[in-house]
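Here is the structure we will look at.
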Amino acid sequence: MQTLPYDPSRLAQCAAEIVAATRELAALGWTPATSSNFSLRLDDRHAAITVSGRDKGRLGADDVMVVDFQGQPVATAHRPSAETLLHTQLYARFPEVGCVLHTHSRVQTVASRLFAGRGHVRLEGYELLKAFAGNQTHEMAIDVPVLANTQDMPALAAQVETLLDAQCLWGYLIDGHGLYAWGRDMAQARRHLDAFEFLFACELDLRTLRQ
Amino acid sequence: MQTLPYDPSRLAQCAAEIVAATRELAALGWTPATSSNFSLRLDDRHAAITVSGRDKGRLGADDVMVVDFQGQPVATAHRPSAETLLHTQLYARFPEVGCVLHTHSRVQTVASRLFAGRGHVRLEGYELLKAFAGNQTHEMAIDVPVLANTQDMPALAAQVETLLDAQCLWGYLIDGHGLYAWGRDMAQARRHLDAFEFLFACELDLRTLRQ
Amino acid sequence: MQTLPYDPSRLAQCAAEIVAATRELAALGWTPATSSNFSLRLDDRHAAITVSGRDKGRLGADDVMVVDFQGQPVATAHRPSAETLLHTQLYARFPEVGCVLHTHSRVQTVASRLFAGRGHVRLEGYELLKAFAGNQTHEMAIDVPVLANTQDMPALAAQVETLLDAQCLWGYLIDGHGLYAWGRDMAQARRHLDAFEFLFACELDLRTLRQ
Amino acid sequence: MQTLPYDPSRLAQCAAEIVAATRELAALGWTPATSSNFSLRLDDRHAAITVSGRDKGRLGADDVMVVDFQGQPVATAHRPSAETLLHTQLYARFPEVGCVLHTHSRVQTVASRLFAGRGHVRLEGYELLKAFAGNQTHEMAIDVPVLANTQDMPALAAQVETLLDAQCLWGYLIDGHGLYAWGRDMAQARRHLDAFEFLFACELDLRTLRQ
């Protein structure tokens, strides 16, 4: 008898989409050593998210679980990642957010450490700034926040809420850790993720070249 | 009843060639976040060009449209990219140009920003300069122009016309944006694109190493 | 008549697992020019290990041999690598070690030379430190030893024993040579290997960027 | 009627081996913009070599031709590359040389320009020096010559002869151009090529890191 509080066919579809994207991101080297987490909104109370600690290059549909927007597991014995709350707070706050991607690329990690003291990475004057939803020109700057890392997820989530109160964001870095990026759906979240990775890489290169 | 002002079988052939090349360039990471545009000459009044805003790693034949040499869409509801004019001005001016490739690699973007102040990137003494059509020796230098970026495409196209009046060019950079390269056909345009990417990368490496 | 001192079906299984992992690591460029060696524990007296000098991108099951924990070949005409002893000393000492991976990536080699004078690479404050078995937080530092290179394997093995007496280790570098990393099984050893590679790469980038 | 001065079945075998290796090297990005040439010894008077100017990522068996040891085409209308003489001089001089590989990687090109003034790249103390045939230890140094580039191939070949008179070589660089590496057969030549690429890359990284 079906008593699941979510639509299992919607879960199957989300899981397939998450598995495909995860394998692509793993192949790029952005999920080293079983790190990183990916999620999609299931409905207005649930999200599908990768199970903690799996090798992201070998992910299967069974490695995707359901959580509610408080980050608690739903109808599963799987343990969600400690970082699940950083995904679900976005779904809870923004009805238009459909996908959250958290990666650990070398460029993201290095940028986070280099700019942690300043508290943000400034991205300015790049054509690719138009990749972020709503932007129409390169003649602008955005400051991507760099948060201090902590193992206290509620504290980190509270800092993110404060940031979200203050500005429009497409993503943020955590120092020595990685990037959170999101969007309306997987395609838009991927576009934002790709744009952040590319622009951080350019900033690192230019900093080396201009020393 | 067939009333198309171009040969649809020629379009099908061009679309297949564009899709194949686009997927290769996407796999190299030169088209981040749905950026970049690729085109082939259809005939003496039309070009086939990628539709704006698609993920270049997942491009299909339906993502290629027809424009005239003023950059206007022909027999299609698709919206051409704002940058279409930078493709079609080359077809209109040079009957021998058959292919235009516009990419956004990390190396191209970083080189454009680093050398924007000087207005060009000098490439000198490399064997690979022989990859540019007409060159027979490495004992030469070429200055690849770096144009300021603008969202005003007619203004940008006018600056390109002025450059083309003054010198033989195989391509140019736009600051913070990317590279335009062209050739007789896809193979030659790819050879020029590959040579620019390689030589810009060498110049960036040497600049870091010689600091 | 079966007189092998090990279980041949267990060997077949280990060989398949080694071949799969080796090809993945070769594709990453971490085994240049026939270098590198990979092994799995067969039982409490034997290990399966790659034969010396093969191209790791073309490895087959026949390129995996059996050695005892003194590094001597068992029931085979194959010659083990000179470095076999550095694998088997770990199996002999730690019953819980099931897999040893030795690679020669560019990042590992450069890090080993850069930090040889100091005798270790310090990794501190990274979220990915949690990838090493037993770690629960990023708020820590580990010092990965860098040993001087020598062609005298018993001497090198003795130095490793001294290190292992003094501290908990997941791996070590040899100057100008490469990395040894290990774990409970292939998955854990790979996780440790990936984490070392990633963190060394970040350290090298940050050192360049902070000059 | 068979009047070919070489064994056509041996040519077919060599062409297949060259095509396979060429595609692998192209996939690594070491043959940008139709550059690079690869050859195998056919017999004591002939070599099989890639035709000039082809895209190395799309090479087929028809893109391999036969030349004699003076670099002249044999029983073919194909034009050999101008650099053919740099291949055949090695086959003519050393009966034990069976394969010559000429690539243009970014690392090779940058190293050649950086060290052209000094006339060589010194490689010292690396374990991977043992990849060069005959070496038994890392406790040594080799100086890889960097020749000035010229379009005058007989002059370049004469300089190479002078180098070969003076020392044991596994390869040399040409400034702004690329690397020649060779060996007994394809496997050994590839091992030498891979070792040069890896060691040059380490030297460039260390130079940047130690600035």
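Just so it is clear, A, B, C and D label the chains in written order, and each chain counts residues from 1 on its own.
Just so we're on the same page, contacts are C-beta pairs under 8 Å (C-beta built on N, C-alpha and C of every residue); 3 or more make two chains touch, one makes a residue touch a chain.
Note that the coordinates shown come from a computational prediction; the quantities given were computed from them, not determined experimentally.
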{"item": "Classification of the subunit A:subunit C interface as same or different, half of numbers criterion", "value": "different"}
{"item": "Most remote chain, CA-based centroid, reference being subunit C", "value": "B"}
{"item": "Gap in Å, rounded to a whole number, between the CA centres of subunit D and subunit B", "value": "32"}
{"item": "Between subunit D and subunit A, distance of the C-alpha-averaged centres to the nearest whole Å", "value": "46"}
{"item": "Shared-contact residues (touching 2 or more other chains) in subunit D", "value": "208, 211"}
{"item": "Graph class of chain-chain contacts, one of line, ring, star, complete, other", "value": "ring"}
{"item": "Contact pairs between chains, per stated definition", "value": "A-B, A-C, B-D, C-D"}
{"item": "Touch list for subunit A against partner subunit B, complex", "value": "125-128, 131, 136-139, 187, 190-192, 194-195, 197-198, 201-202, 205-206, 208-211"}
{"item": "Residue ranges of subunit D in contact with subunit B within the complex", "value": "32-35, 55, 104, 106, 109-110, 113-114, 149, 151, 174-178, 204, 207-208, 211"}
